[in-house]
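Structures for review follow.
Shared between the two complexes below is chain A, which pairs with chain B and chain C, respectively.
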Partner chain A sequence: MEKKNRKKFDIMNYFGAIRTIAALLLSMLLVFVIILFVSETPGLAIQKLMLGPLETKRSFFNVIVRAIPLVFTGLGLTLCLKSGIFNISSDASFYMGAVVATAIAISWPLPNIVHQTVLILAAGIIGGLISMLPVIINKYTKVNPVVLAIMANSIFYYFGLSIISTFFLEKSGSWGSYKFPDDARLGTMVKGTSLHYGFVIVIFVTIFVIFLMNKTSFGYKVRVTGSNPAFAKASGIRTGFIILIAQFIGGAIAGMGGAIEMVGVYKRFQWQTQTAYVWDGLLIYMLANGNPTFIPLTAFFIAYLRVGAEIMSRAADLDPEIVTFLQGIIILLVASQRFLYFIKKRHDQKVSLKQAEAEEGGAAA
Partner chain B sequence: MMQFFLSPTFWKTVLASTTPVMLATLAANMMTKSGIFNLAIEGTMLICALTGVVVSAFTQNLWVGCIVAVAMGIAVSFIFGYFALIMKGAMNACGVALNLVASGGTVFVLVMLTGSKANSSALRSLTFPVVDIPILKDIPVLGTIFSGQNMVTYIGWVIVILTSWMLYKTKLGINIRAVGENPAAAKAAGLNVIFYQFVALAICGVACSFGGMYLSMGALKSFTTGMVAGRGYMSLAMDAMSQGNPIVGCLSSLLYGFSDTITVYLQLYSKIDLKLIDAFPYLFIIVVLIIIQTIRKTIAHRKEKLASLQQAS
Partner chain C sequence: MEHLLEVRDVTKIYEGGILANHNVNFTVEKGEIHALVGENGAGKSTLMKMLYGLEDITSGHIYMNGEELKFSSSKDAIDHGIGMVHQHFMLVDSLTGAENMMLGLKKTSFISNRKRDIEITNEVAKQYNFDIDAGRRVRDMSVGMKQKLEILKILYRSAQLIILDEPTAVLTPQETEELFERFLDLKKRGMTIIFISHKLNEVKRISDRITVLKGGVTKGTYLTKDVSEEDISNLMVGREISFDYDKPEVKPTETVLKVSNLKYVDKFKVPKISGVSFEVRRGEIVGIAGVEGNGQSELISIITGNMKAIDGQVFLNGKDITHESVGNIRKTGMSHVPEDRMIDGCAPEMTVQENLTVSNIDTFSNKFGMIQNGKVKEFCKRQIEEFNVKTMDENQAIGSLSGGNIQKVIVAREFKADSNLLVLNQPTRGVDVGAISFIHSKILEMRSDNKAILLVSADLNELISLSDRILVMHKGKIVGALNNSPKVTEQELGLYMLGLKKQEGLG
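== the complex of A and B ==
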């Protein structure tokens, strides 16, 4: 009897996934309607947005390159958010990671592979330490960590920018640091595209996080602390310690992402504006439903949208910022628990009715 | 170099740059008092700033623009309320989502209307006038500081006073605070929790819209992208400082105005890197927050000790 039940395919087991996809489709539909109203060539715009990245080999690999930093921020946020703290200071870690990587790349001559390893690890440590700050300050001030994290993003952006512009700025030409030496950069992996060896590192980090969150006692402790702090404390987990370590690892991953993006894609430090990877990372995390296994997939999706939007804005008369708008709508729908709740409710009612009937039948017999 | 502390113009600038944060802090206070955590204050201000500019440019009527922007602020707050309270979304995530909608949507609309991604100077929008107060303006120092501010600043002060009167002296305010303190108890006492939270959201929306309009129709003459620049987030820190009290919140937002004005003066007169100085308001506020909260903690600790001593004796 039990075996039969298990085998039976029940679509409601996949309710979470269906809900997410429905939210995606609905928000895409909304954006299409907006495009239809404001664009003079809506067909072209929608086609470029959806299929643009597939047109050339170059733009397709561009999507993968774009997805690399997003996977890093997404994975970093997974650790931070799973521990129950809404710590979105990944941008601070990311930016400072890039700054640290620049500093080491320029000022510290080292042999090829050692150089990259050192600068990525250093960026990771700095990123991790930064990510712990909002939690520590929150303990003393009781200000919401979200606010502190957002303030940290701004503070470290200004701080990092002033480090670059005082110590590493090349005086001639456009704004930028000195060029990185070749032995500090990650080489291109596929000729004729911009894909760099950071891709390999991403795969390793992803496997590491999946293993950490699903197969180790640390990952379990993080999840318990996040979902029920009182229970975690009562069962002897040192919640404060676990939260801090989770923030450190999360920030470290984000910091490494910053370093890899910097030495992988750029020839010199050129980020004059504040990075905004954390919002993308948050969307990726929410679409993946907090499961690190799905993060590469959702990161690819967001990168695809971004590249598609840029191709669209070149071909049609629309601004790529519509994708940011789209992201907001998707988060709103995915976040709201009651979205499509009525389907689940009706299903649950049906199941419990059936159970009650079966029990009655059993009692009568 | 530090002479500028003594000049009345410095303090006038402090009051002027306090205004948007003061209104945002009021919005955050209302949210705390009604038990909501609203990150979307930032986005609401941004949307209202653009709405005010666009509507006033197309109708050439300041007050129509003002009213539409206020209605927009209430609408955006209600959208937040709908998703966070009725659809039971995580408040953090809903706030972030609305901020993304605001930052993407405003740029998109701006490009559609003006063709420029940076600002709305192509639109001939209207601004709130500067108001001189009759008798006050003739008093030497006070006149320079308090008279001749933008009209929104005075409107803001009135809103702060009205709101704090409403919160502490009327039945509506008491109910809102009861809902924020303990929603379950308020529900058991027969209050409609969602209704009172939406009233608070409406007031939040009004405050946000004036804060946004001050930026685009008072301090500057046009809308520029991302012009709220973290003021909405900053207001949440001010709110933590004032613990929900509008009058204290108004005073603590002066800290922001002060540090913001100092930043401008430092950039003019000192040799430190410009970008490093930009980080000053954030650092200043975090440091002040840590100090205030530590003092609060020690006072609470002492009180507890005293109480236990008295019980023992």
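== the complex of A and C ==
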């Protein structure tokens, strides 16, 4: 009897994961159906979408390179969101991180390794400070932090853009800053691919976040604060301070991500449009169910789909935008709390009725 | 004879499996004032929300005039002549009284006619003897006038059954008195009223019949003239078993908690605590009794640092903690079992282990802030065993445990924090009988360990069986300080709680 109970309970424990996987499969299926309708070579399209990235070494490593910034924003958001504040200003941190990296790379000659270290750390600090702004302004104005964060994303995009245009623009050819010196760039890790040393850094940052959130008293306080702020306060946790520090670390990770993306992938600053990494980060965070351990995995998955879609569009008669569509459905299904909810509801009702009856029986006896 | 309203076997389970009502039965006759009483969390409000179509019914039936009601929204309820005044006003602050009256009505024209609206409102107000200023914006109205506007709104929608959810909670005595006169007037006109309250004197004053709810279950319906306030309170609190403990002799020693001349005024400028002073010494349990809403919650919030007093001091271990943060107060040596365990007592989605260590997590981490997992695990296993918590293992989410087991986890955490003072606010509210006696034995154990204990409880039986001294609060003042040996009777406590008896010269 006891054993049976245990088994049953475990299945409901994994309800979140099962739901996410079901959402993924369902949305993939939908996309396949759409491809069947619109493509003249649906078999080839689906094959390229699913297996394209595995065809060459180059395209496979491309997936990893594409995943790196996603992991950074995903991890940064983990800290911000886990503290209970929907602070999605990671784009501001990310973009400004890249701007700071560009500025230091071009105008501050430093030896190799030291140069990269300095520019990444500086980007981190700026990113962290930016990320604290929505919370600080919210405290004094009571404006919703989500609104403030989205405003910050816009403001810092134009701010960063004007810094680049004013001070670092190369006045020839296409729009872009001066070239980065070689000692500021992250070198190629695997010859013949685009994989840069940012890969090593992302592994360290991932381990750091997992450790911070799960093994330290700070991470624990962040989780309690996010889970039930009233309880955290009543237990003597300084919630305001904890939230602020969590935003700083989260923003710092996003800022470092911006710097690493800039000096790892690009030769010069060319971002003339607003980055949208925060939305990708949110998607990854949601797919990982808020667990930092799964973030590299879900980031890889999304990057894989994107690279696959690009290969598909080259081989078949379809636009790569089909992946954006796919993402939309995934977000909708994962975010909609009612998706497959009836299963959990039925289970919960049964359990609580049983409990009530047992208690009444006990009281009567 | 047909009832106006009949509620039969209604059960409500909220999301996450919280059972709010279980097989509730009661009937309401036409033209009566029917009171629904029960403690906080007894399921009164949930039941009324179902009647008004705000919550769907998990199982069971509701009949009105013999016809079964199936509401999908409150609009259906309004169409059936049911109106509700909520605990919190459902008015648009920036609109005038007349505009609020007309909101959501079908017969209003597309272009609003302010003059006509005000005329209609005044007419309706006059018809029912209500005195309101229809042209004034709601945010400029007094609480009493807002309340009257709410009721008028319902009357104007031609309701036959009015549900009032704690209508007097925010009113002054004079406003309450006026409101009651209106109620009796409405009753004369054949209106039926369901009146929810836990203020027993009010219930006794205006209702015809009383239905008592406890723990989501109906305890029966009584004619008001047949029962006394004490009877109702016994039914509400319920006393299936009597606690009779052998308390070992403990000599109280030095003072741990000293409260002097504490004062607090709430945001409606109603004085909640007016000059309270007392002491709690090592090795004694001091109980605080009082009808809910007489300042006990505020007093505890101030002592534990969750609210700031406007005047007076609190000393813990000789240190002034009146203006300290919660964290510092805890470090000075206070543990606190809060009143509402799901809001202030735990983080429901987190595990039992995480909930067991929250207020003392720093003692489990090394100097780098890293949690020593082995130490935590061992501590949790030991507490789960010692406090007899029924859980799969320490990694189960605490929200999935029963109320009694959640409370045991909270009690374990607070009792093991090694503080001198334990502040227990309703430590056994809504907890099953087994867990109650277990928690009581732990409280007595703490007393033998020479801790100072401050116990607030709505359960008089609990207070009498555990406390060494009992302080009774009435209207923000301590009106009685009773030595609990030999044991005081519930009747005597009741007299103090209702303000019928007073000791002079207390804080």
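Here, the second predicted complex is superposed on the first by the 330 of 365 C-alpha atoms of A that agree within 3 Å, B and C clash if a C-alpha of one lies under 4 Å from a C-alpha of the other, contacts with A are read in each partner's own complex, and residues count from 1 in each chain.
The rule is short, and it goes like this: contacts are C-beta pairs under 8 Å (C-beta built on N, C-alpha and C of every residue); 3 or more make two chains touch, one makes a residue touch a chain.
The model shown is predicted, which means the values in this text are computed figures rather than measured ones.
Shared-chain residue A:Q270: touches no atom of chain B or chain C. When the shared chain is aligned, chain C comes close enough to touch A:S352, but chain B does not. When both complexes are overlaid on chain A, the residue A:N289 reaches neither chain B nor chain C.
Applying the stated contact rule after C-alpha superposition, one finds that A:S107 touches neither chain B nor chain C. Contacts of A:T117 after superposition: neither chain B nor chain C is touched.
Comparing chain C and chain B on the residues of chain A they touch gives the larger count to B.
Taken in their complex, chain B has these residues touching chain A: 37, 39, 83, 86-90, 92-94, 96-105, 107-108, 111-112, 117, 230, 233-234, 236-237, 240, 273-276, 278-279, 282-283, 285-286, 289-290, 293-294. Against chain A, the residues of chain C that register as touching in their complex are 11, 13, 15-19, 22, 58, 240, 304, 306, 325-331, 336, 338, 343-350, 354, 357-359, 361-362, 364-365, 368-371, 373, 392, 402, 432-434.
On chain A, the positions that touch chain C within their shared complex are 6, 9, 215-218, 220-221, 223-224, 227-228, 230-238, 345, 348-349, 351-353, 355-356, 359, 362-363.
By the touch criterion stated above, chain A contacts chain B in their complex at residues 38, 86, 88, 137, 140-144, 146-148, 150-151, 154-155, 158-159, 161-162, 165-166, 279, 282, 286, 319, 321-332, 335-339.
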